[in-house]
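Same chain, two partners: subunit A is paired with subunit B first, then with subunit C.
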Partner chain A sequence: MSEQLLAPLTALGNDTPVVVTIGGITICENPDLTIASLAARKDRGAELHSKLQADTKVQLPDPGKMMFAEDVAAIWTGVEQWLLLAPISSHPDYAAEVKTVVADSASVTEQTDGWVVFDIAGNNLIPMLERLCNLNSKALSSGEATRCLIEHLGCLIICRESGREFTILGPRSSAASLHHSLVTAAKSIA
Partner chain B sequence: MSQKNRLVGGQIDRSRPLSFAFDGKNYEGYAGDTLASALLANDVRLMGRSFKYHRPRGVFSAGSEEPNALVELRSGARQEPNTRATMTELYDGLTAMSQNRFPSLRFDMLAFNDALSSFLSAGFYYKTFMWPPAFWEKLYEPAIRRAAGLGRLSGKEDPDSYDKGFLHCDLLIIGSGPSGLAAALTAGRAGAEVILAEEDVVFGGRLLAEQNLLTEQCGNEWVSDVIGELSSLPNVRLMTRTTIFGQYDHGIFGAVERVSDHLPEPPADKPRQILWRIYAKRALLAAGATERPITFENNDRPGVMLAGAMRAYANRWAVTASTDIAIFTNNDDGHRTAWDLDAKGVNIAAVIDSRMDTPSSTEFEVLSGAQILDSHGRLGLRSVKVRLKDGSTREISCGALGLSGGWNPNVHLACHKRGRPVWNETISTFVPASSGDHLLRIAGAAAGIFSTHGALHSGAEEAVKALNDLDVSAHVPELPEAEDAPVKITPFWYVKSGKGRAWLDLQNDVTVKDVQLAHQEGFRSVEHMKRYTTLGMATDQGKTANVGALALLAELEGKTITEIGTTIFRPPYTPVSMGTFAGRSRGKDFRPYRLTPSHKWAAEQGAVFVEAGNWLRAQWFPTQGETHWRQSVDREVLAVRKSVGACDVTTLGKIDVQGADAAEFLNHIYCNGFAKLPVGKVRYGLMLREDGLAMDDGTAARLAEDHFVVTTTTANAVPVFRHMEFYRQCLWPGLDVQLISTTEAWAQFAVAGPNARKLLQKVIDPAYDISNEAFPYMACGEITVCGDLRARLFRISFSGELAYEIAVPTRYGDALIRRLMEAGKEFDITPYGTEALGVLRIEKGHAAGNELNGQSTAAMLGMGRMVSQKKDSIGRVLAGRPYLQREDDYRLVGLKPVNSKETILAGAHLMTAGDTVNAANDQGWVTSAAYSPHVGSSIALAFLKNGEARHGGMIRIVSPLDNLDIEGEVTSPHFIDPEGDRLRV
Partner chain C sequence: MIINHPLLGPRDSQEFVYLGDASLIDRPNAMAETALDDFHDYLYLRDNPAGSHKELWFHEQGDRSWLVVTRDVTTHEITDVELASDYAKRRGRDR
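What follows is the complex of A and B.
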């Protein structure tokens, strides 16, 4: 048996998250979120909504949207499907926690390490996003979230503050490639 | 003399002189010049040699339609051939070379082609270089390529980078002449999201090139006012140096923005160009018109140019091609050039007008009813020979000649979706047909509205209509007073006299005679004529040539131009660099990589990586002293068989299947039974396609009654997920089942070998009993490792040994492999890569991608009995087709060379000894081959006809490509432990 606990690495393969500042743009790797996927069981969507709302105050959003409740955010990802995001420090086994709440009204899957999360901030991120993805990023307002491709990678883009703060979730195994794309785009417009 | 042809005025910045070099000679120009205007200012008319005949050529236009003045811009790796001097902004230190000449532009030895012109007519290479056939590739083609053609590539890697991006707008306005600016003002004030794209360096279009288009204000001033207002509107994006090169479906437009081409080189980390994909709810084509020439004998000499271009050079760049000019026109617009240049002090030798009824002038001579028969001057125009209306001829000295045969609306973008323009008899030109869908509207000269007043108003009005479609309220703004002259033109295409050559297409050296010959030889369709003569091809796509040729073809056919029609218009409107299309997807950035959780650790171990799809996987781990990959792989294989090895298998697809009907769903997806799989057990599964052929294999582990984890092969992770999602949504929407990929979320390692359990017992928390009794072969469970870290354990084996796959959240994968290596030291643990993985599975006879190639049935794989007939599953019915059930079909077998020193190669074919080696006698093929350190020889898996009955027999293994022809023994595909005892200890 083993005595020592295992030490995690961030998606970019380091002990600490990578933070890059280019011009006025900051790109931060964020390893502090835990993620669980939620899919309503057949014909039990209403039950799922009410259970979640009653126990956690989380309202499940419509397509293209994101909802917040306390420290949890919910993003629509497909028909009757959502991702739930929460701080890992206060929700160490989040999928199990959610499953306890929703019981058989939904399927819950642990997805924390399925993703790499980058928080991007700057005075005007639109020129950068224009070079990355086919989104009308200028029209995105706070609380909107949508799926789109960035350099062949299926990503989720969350608008935290219109034009100024975004979070991008991408496939974890391609974290380095995605980071390279973000940095390249930032340098292009810096 | 420096800039002897520079005139007064213009819109150049005389306070910023710039030096540049052309063909090694230094010159000076000013900021605001193009390379073409600066060369003309320096009295350089000769700028290139023609494609086929190497005729001396000079600049013909002042815009992107330029056929002649193509240069190799810059040097070294940045050298770019076929750059239009008319579109090249002058910068300090610019260097350009002329192209397609040897040894120099003034003395080009390849000009002997011109003397051989009678042999080089249309289609000459189809007729001439027929014999002997072998000479074509080695002699004729290289020689033709040497003598013909345009510029040279540097052959070096492009050092610049290119971005791509996406833009969205309500209204895209293409062109910023009077109509484009009026439209932008209308839409901008209405609050719509507007993109105004202009291929030129500055906005304004013909307003910059003409005098007195506006009656109460200078054109420049109005442009400046409008741009000033538009710049202040946050909803308007102004883009200069941006060419919209194509219109695609659903309002999508392609654009190239040349962000750094006006600089010696792009700043660090900045792109040279950006490829934009623009999503426009509505678009307005305000791309103006291109002037067309009149064709006559020897009409291609340096100094002969379009009259409108001559005017643009004078008004915008304060340059004339010569101090003595003549004009040849069939319409009133040609006279405008004479007026403007006369006002600038240039001597107008004559205006030669083919019409009888012409404007008169007190300032210069107008010869009505006259035609130019010929021209003279070897390296530049010296004089033209004119036939006067009384039939007499006169030689007129001039250094430049402006041609005006009327204007052609730039209809291209309106036709990219297969639209065909229509002939407008009144103004003698093609105009765009209505698109019907109104996604693209057309205004100004592009619509055949040639007066400035008409252009301004049509721009504003079309913008209003486009915005009204989008429920945006807009109003025509107050527009400046402008000239509103009607088009006065009498079509006149070419001068019908003389025996010499008269050029229609300057870039491709296509003459009137060539079109006549093509017609004579039966190439009467306009598309055939184009391909036979090459008219309208190459970088300018015949912008100044096509309509003249259509008129000629119509005359030859005795038809109207409408009946002749046009060729198809296709993107790009102007040439686009290949690098621009590639964007950042070059070299190692061609596609994203996927890195395994143990990548960092593996790299530290010196692993050699291999690309598996987008994944980088460790292929083998060389240790000190190993000089050949086989040494490493043999060592890794033997270590697994002897003690224990570990391999990162995260890349295998993992699909979470949940729901009350998850078991029933999998029972339909896999051909074998899954309904009764107990919780805590894993089962091997084979899934078929609808056509009954094998799609993928893998395992499904039942973690709970309503929860399975399916694994797929690495290559099929996405296709299998898509396959399952399709059936979930489309075939069985009534089932309660939910799918999601978890491939990325778990780091998974195979731990294989007789000591695998002992090793794992050191890292798995003691609460979990993994003894053979408690956790037998094909068991699975959720466990914790290393002090309460949640994990999953599967007792499955690809290698044929006692083996497990252990999974932890991905972020702990690096730490887990390091812990396994540390804990495994006492067992001499060996990390192994994909190569050893392959050897191990071939020894065990497991199928992989080589066997699951889309052509294999379950029976071929030796799994025919797995296809359950007690239930329905995808592919079951079609797998039962008699052809797929025949007894003598291929079966998976093992092969060993009779001579153990010989090597079997994958891809080799199997033949019966004595048979001729041909497809008819083919008995099967080798799918996978490896050296087996366990067997001590080369071994292979193969598909062999009736293979199951041929174990123990001999077969010939042949690969003519590899000079392989050896004898092999057919065996069971299981080279190790056919009974599976090692798995179950």
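What follows is the complex of A and C.
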């Protein structure tokens, strides 16, 4: 990758990621992930699974789930569709990298600049999630990921540790609105 | 109202959008000799019983799948939910 001449900004428009701690809850912007979407082409699902697993060890998860393989996370987003998340530092041109592996068994699109990622951690995040979305958040266990509404925004909610650690992916153009609603929900239970 | 999504389990109906009757899936062949009559029937002639309906719902704020929901319009009781692709394939469509 060529040397960067422009100074990169995070989704919230700063040089450094915003970290907010309210009560025991930490809401942390995570700018270090590169994101690619993956959609199997018609009747090529099995081929896609085997190609990815053979070359990158990535296993594609079932509906509502996510799976890790080394530094890559795969999240189910729809029938025969997934989002792949990886650290930018080790995968600078990730969509192209995935495309080389899957060839024409799937369509890959670069999604990094479409999303904002917030990592949320605390001792009990259930009351906060109950204020944000209508998922059965208590029932979410580690390794589950699903898309739902937060305020008016379609967001992906990933459970990393049941009740204690979640990651929320939202539309980057609404990063500040999403951040505001997360902070408001955290304040209301602090 | 809760819709029991076949892949994701029970989800709030707020996440879904209603399109219309599932008979929309049975779109007639526009090249057939009888296409004019077929399309007239397809567009204008619908059963509207006070009871069980098969409806197309779109999981817009979820996994964006199309569902066929069997719902009693007098009680809102949902008796069956399946992926519209499964329903369509069973009726002889290729997708």
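Before moving on, here are some points about what is shown:
Simple rule for what comes next: the second predicted complex is superposed on the first by the 186 of 190 C-alpha atoms of A that agree within 3 Å, B and C clash if a C-alpha of one lies under 4 Å from a C-alpha of the other, contacts with A are read in each partner's own complex, and residues count from 1 in each chain.
Everything that follows uses one rule, which is that contacts are C-beta pairs under 8 Å (C-beta built on N, C-alpha and C of every residue); 3 or more make two chains touch, one makes a residue touch a chain.
Values in this document were obtained by computation on a predicted structure and should not be read as measured data.
Look at A:H180: by the touch rule set out above, it reaches subunit B but stays clear of subunit C.
In the superposed pair of complexes, A:P8 makes contact with subunit B only, with no contact to subunit C. In the superposed pair of complexes, A:T167 makes contact with neither subunit B nor subunit C. When both complexes are overlaid on chain A, the residue A:T56 reaches neither subunit B nor subunit C. In the superposition on chain A, A:S105 contacts neither subunit B nor subunit C.
In the overlay built on the shared chain, the residue A:N134 is in contact with subunit B and with subunit C. Set against each other, subunit B and subunit C differ in how many residues of subunit A they touch, and the higher count belongs to B. Residues 42, 81, 134, 136 of subunit A touch subunit B in one complex and subunit C in the other. Touching subunit A in their complex are the following residues of subunit B: 163-168, 193, 269-271, 274, 277, 279, 584-585, 589, 591-596, 599-600, 614-615, 650, 656, 658-661, 706-707, 734-738, 740-747, 761-766, 785-787, 789-790, 808-816, 819, 823. Taken in their complex, subunit C has these residues touching subunit A: 7-12, 14-15, 60-65, 83, 85, 95.
On subunit A, the positions that touch subunit C within their shared complex are 42, 63-64, 76-79, 81, 134, 136, 146-149, 154.
Within the complex formed with subunit B, the subunit A residues making contact are 1-11, 13, 31, 37, 39-43, 81, 93, 104, 107, 109-115, 130-136, 138-139, 151-153, 171-178, 180-181, 184-185, 187-188, 190.
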